[in-house]
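Next come two complexes built around chain A: one with chain B, the other with chain C.
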Partner chain A sequence: MLRTRGWIEAWLLLVPGFVFLIAFTHVPALVTIWNSFFTTPRGRRPARWAGLENYETLLSDPTFWKVLKNNALYAAGTIPLSIGIALVMALWVNRQLAGRGLVRMAYFTPTVLPMIAVANIWMFFYTPGFGLIDQIGAALGLGQTNILGSADTALWGVMVVTIWKEAGFFMIFYLAALQTIPPSLVEAARIEGAGGWTIFRRITLPLLMPTTLFVSINAVVNSFRMVDHIFILTGGGPDNASSLLLFYIYEVAFRFWDTAYGATLTVVLLAFLMILAIGQFVLFDRRVHYR
Partner chain B sequence: MLMTNLKAATAALAFAAAPAAADVDLQFYFPVAVGGAAAETIQSLTDQYVAEHEGVAIEAVYTGSYQDTVAKALTAARGGNAPQLSVILSTDLFTLLDEDLIQPFDTFATSAEDKDWLASFYPAFMENSQTGGKTYGIPFQRSTPVLYWNKEAFKAAGLDPETPPATWDEMVEMGKKLTVRDASGNVTQWGVRIPSSGFPYWLFQGLTTQNDVILANAEGNEVHFDDPKVVEALDYLVDLSKSHEVMAPGIIEWGATPKAFFEGQAAMMWTTTGNLTNVRDNAPFDFGVGMLPAHLRRGAPTGGGNFYLFKDASEEQARAAFDFVKWISEPEQSAKWTMATGYVAPRPETWETETMKAYAAEFPAVLVARDQLEHAVAELSTYENQRVTSIFNDALAAAITGQKSSQEALKDAQAQADAILKPYR
Partner chain C sequence: MTGVSKGQAIRLEGVSKRWGETLTLDAIDLEIPAGSFTAILGPSGCGKSTTLRIIAGLEAVSAGRVFVGDRDVTQQGPGQRGLSMVFQSYALFPHLTVAENIVFGLKVARLPRRERLKRLAEVAELLELAPFLNRKPAALSGGQQQRVALGRAVISQRPVCLMDEPLSNLDARLRDEMRREIRRLQQALGFTMVYVTHDQTEAITMADQVVLMNKGRIEQVASPRDLYLRPATCFVAGFIGTPPMNLLNGAAFGSRFGPAAEGVRIGFRPEALRQDPMGWIDASVIGSEFLGSDTLVELRCAGEGLLAKLPGNAGVAPGQTLRFSVQPQDIHVFDLRTNTRLEDASFALPLTKVTR
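Presenting the complex of A and B:
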């Protein structure tokens, strides 16, 4: 009797969370998968069963492959760099130095700014002719740049903004983790005669592994999720050179109003994120030391 | 002035106090795409209408850019909550028809006077507003691209500051004189700037029209992207930076274009007449406004937004909306709007008013766009418009950034567009 009541209570406590999770995550995900098997309804033509047609379109859609390639490049470029910079910054501001609070704040500022504002700031850097980069370049006698307007450099321009924005955010996690490492460990190592590098490699880094796992999952998810700045910086151009998967989904679903194909692309994104998240847990779990 | 303000204020107050007094409630979406006082002007015109017409309440909702506006209108309509009236790009006509959201104005234009009104707009603007013999759009925030030039830069280059280039060749020739390089060979001032970010097809359509080719048919289900004349026009555009070196290479930002012009980064720019008031207020030098240069013929696209009447509106609402559109297109209101923004007043009558005559006498540049209308053609518009123009934009970007040759890029675009438009034929 008591046992049953315990169960009921537990479920009741879980209900609010479940309701929101199901209503706003699971149901939409299932509806998306379901919609990807239909054609897009238009005012004059209702949706009809399409089977795998949308997926066939996807496989033969050159833009899809292009944005996928861009997204892979974007992830490979932004994730390790932003995590590496975050770690270096955290180590730097974790020690005693003059104006530490100020430096920490400076590093963290990009995180507080909304992405759209960040993009606008960078727009001011990038603008050919009278942007900051070109003004400095002109003072040094260099010619005009057009980073966002060239197919070869547009994606890199977007990546730099992402790294700038993300590193400060990840730094906070590293900083918090660094402060939980007991100083006694470092002192003990010192007594044993370990140098700075050895301490970092054998003590700090392993103890930071849970944080690295957390941060890297976040970074991976963000590399698929953060596209706000693309709207401001390049609009995905030129010729989709800086378009990412999620940006393309938005274009297809809310500019072209091809919601069925948008759903199909979303299914692909969902699948990717699931595989990556599971893979990361499995891969990292062995090397993470939880305390 | 004080009296009108007071009147408007009392009207607004009375209105706020007793919203139930209105017999008809209307919601009206409008986008803003240019600098200047566009939003305030629409709001004040709406307020004026409401103050003068009893029983009608109009809520004017600013809905962001053109893109945002059509997205919001479509989303609202899908949720069964469509506005009764909206200003949306004239080129979204076929999209809105395909979604079955709009109704023709002809239904409500029953009297002879109303029919005359429908026929009173410039034909160039009506090309994008009618299909199948019905009028679905009433021109409002309409524009056309023109050439702005910096007279001081012309003087400095030894050119006649009062004469803009009249032909493609002249634009290259003058552009070469106007392109200024510093000692180390870096460009400090480009000859010309034709922005290509976002929607390059629009200004490019100026070039194709001048090369005497039309991009899409009136039914909106056939495009001519790979026509040799279109290829030739794209080659010209690419060569401006590639071989003539009178324009910056790569994609050129649309939004930063007026600023670049003010900063002396470019001596000539192509942009919308909707920027006229902006340039007038902010250019630190004497500038001129001219028609786009000609090639085989003169030509330019029209652009901008129309009023659309949504289907979901009740009979009463639709009538009230119709009446509002009619009122706002009257010469007096239309003149206010044109002076506040630079958009081209869409009816010849507006230009006959004393206000407009006085304004044009003081600022003759406003007449250029109007006079260019006789050479203007419909803006590229098809079924699945956003998608088809996006394919075309990608092709232009690919050619401009040197990823593909003009020929190749346009051939690919044609194939993709054909695949999309096939079901509509």
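Presenting the complex of A and C:
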């Protein structure tokens, strides 16, 4: 009796949160999946059942494969680098050095800037002829560059901006984690004769594993989610060379208004994210030590 | 664990440590004999841990030199000094198993796997750790974690072992047990032990030699027995013993001392007071505390507080006036100006006679 009442109360307390979560997350997600099995309604022609047609289109869509490849490259390039740089910066800033607060703030600044502002700052670096890179290049006697304008380099240009933006954010997590490691652990290792590298590899890094897991899941999600800067930097071009999956979804759904195909692409994106997140948990699980 | 390394002596020469303006250690000179058990004792904040960490190399000296054996190790890192250490918090690596924790140092030293396993088995047997070797530290009780920390310290067979209040996180019973165990380990393995504690019982029961510190200086270095029987300074007298020595102003006894009483403190232990109708100490009872085998009586004498430990249930009532005497050999006299003990026995003599 008492237990039943406890349950009811608990559910009542959860309801407001659930209502919003269901209305704005779960229902749209299910509707998206549902929509991906229909054609796009156009004019007076209503949506009709299409079965797996949209998915067949997707498999034979060269742009889809191109943006998927771009995204894989983007993820593979930005995730390890931004995490690695974040870790190095955190280790560096965690030491007793003069002006530590200032350095920390400097490293953290990119994080508080909106992605659009970040992209504008980098436009100032990248602009052919006038940009900082070309001005320095000219001073050194190098030719003009057009990093964002050429298909070979546009994606790399976008990736650099992402790393620049993300590393500072991840650094904060590493910094917080480093400060929870008791100094006596490092001292004990030093007494046992361990050098800096051994301490890092055998003590610090394993104790940072939960943070690494957290940060890398964030990084993976971000690599599929952060596309704001592409609008400013390249618009996905040239010839989709710097387009990513989410950017392509935006173009399909809201520029070409092919909402059904957009829904199909979204389902694929969601599936990817889920598989990656689960995969990471499984991969890290054995190596993560939760305290 | 047979064929263990011999302990090495430790010597500090004029070691000072300052953090900004504050002088934490003030030109300390200290000799710790090879193979001895030396306890560094003192109130909280007196610089015990700092001294230990300077010996360990975890803290750099501001001035002075540190020797281990006959090597000047002042400029060497902690890994090169040939010592092991047990931390107050144990500092076990939480992500490693008990076995991995214990052999950590051997692995760093690249000892062959077979030798590692052999020594691990010996240490596990010595400290009764065998059932826990595959557990993580978090799955152990405080006492077991303590043993793991001990195991990690002794497995490398280094000539010096440092411990910083290793028992302070244990309950009273376990503390007694571990006290004996650590002492047994040190005697069996023969290393030089430097043991920091603020607990005089630990220092007195375990150590061959006690270093009593106060405010960044060494007050006395002596065996526990000498520390109790012949305290070198007023501070030592007031620190050692439970309850500690009564220390009264020489002037409190006025004419009995004459002019010599100026700037002098007279000390005698509560247990040295004997009830004696002809005694020269005239005190009124403030209260009493029955301790079982004896009674602690709080007294007031010539305007100063005084404690007496009387045998059995003394049955004294507040307000009562008692007379005590103290044997001359139980009287300690300290000169406040030079902060030293006055050995001149004639000083104490007038006290033993009743001059009425």
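Rule of thumb we're sticking to: the second predicted complex is superposed on the first by the 291 of 291 C-alpha atoms of A that agree within 3 Å, B and C clash if a C-alpha of one lies under 4 Å from a C-alpha of the other, contacts with A are read in each partner's own complex, and residues count from 1 in each chain.
Here is the rule we use: a contact is a pair of C-beta atoms (placed from the backbone, for glycine too) under 8 Å apart; a residue touches a chain by one contact, two chains touch by 3 or more.
From a predicted model like this one, the values you see are computed outputs, not experimental measurements.
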item: Clash-or-fit label for the pair chain B, chain C on chain A; value: fit
item: More chain A residues in contact [chain B versus chain C]; value: B
item: Contacts of A:P182 with chain B and chain C, given as first, second, both or neither; value: second
item: Partner chain in contact with A:P128 - chain B first, chain C second, else both or neither; value: first
item: Touched partner set for A:R42, first chain B, second chain C, both or neither; value: first
item: Chain A as apex of chain B and chain C, Cα-centre angle in degrees (nearest 10); value: 150
item: Which superposed partner A:F256 touches (first chain B, second chain C, both, neither); value: first
item: Partner chain(s) touched by A:A194 [first = chain B, second = chain C, both, neither]; value: second
item: Least Cα gap, in Å, left between chain B and chain C after the two complexes are fitted on chain A; value: 52
item: Overlapping contact positions on chain A, where the chain C interface meets the chain B interface; value: none
item: Contact footprint of chain A on chain B as seen in their complex; value: 67, 71, 74, 95, 98-101, 184-187, 196-198, 248-253, 256, 259-260, 263, 265, 384, 386-387, 390, 393-395, 397-398, 400-403
item: Footprint of chain B on chain A - complex, ascending; value: 42-44, 63, 127-130, 138, 141-144, 146, 148-151, 234-235, 237-241, 251, 254-258
item: Chain C residues within the chain A interface of the complex; value: 56, 58, 77-80, 83-85, 87, 89, 91, 93-95, 104-105, 108-109, 138, 152, 156
item: Chain A - residues contacting chain C, complex; value: 182, 184-185, 187-195, 198, 202-203, 206-207, 209, 289, 291
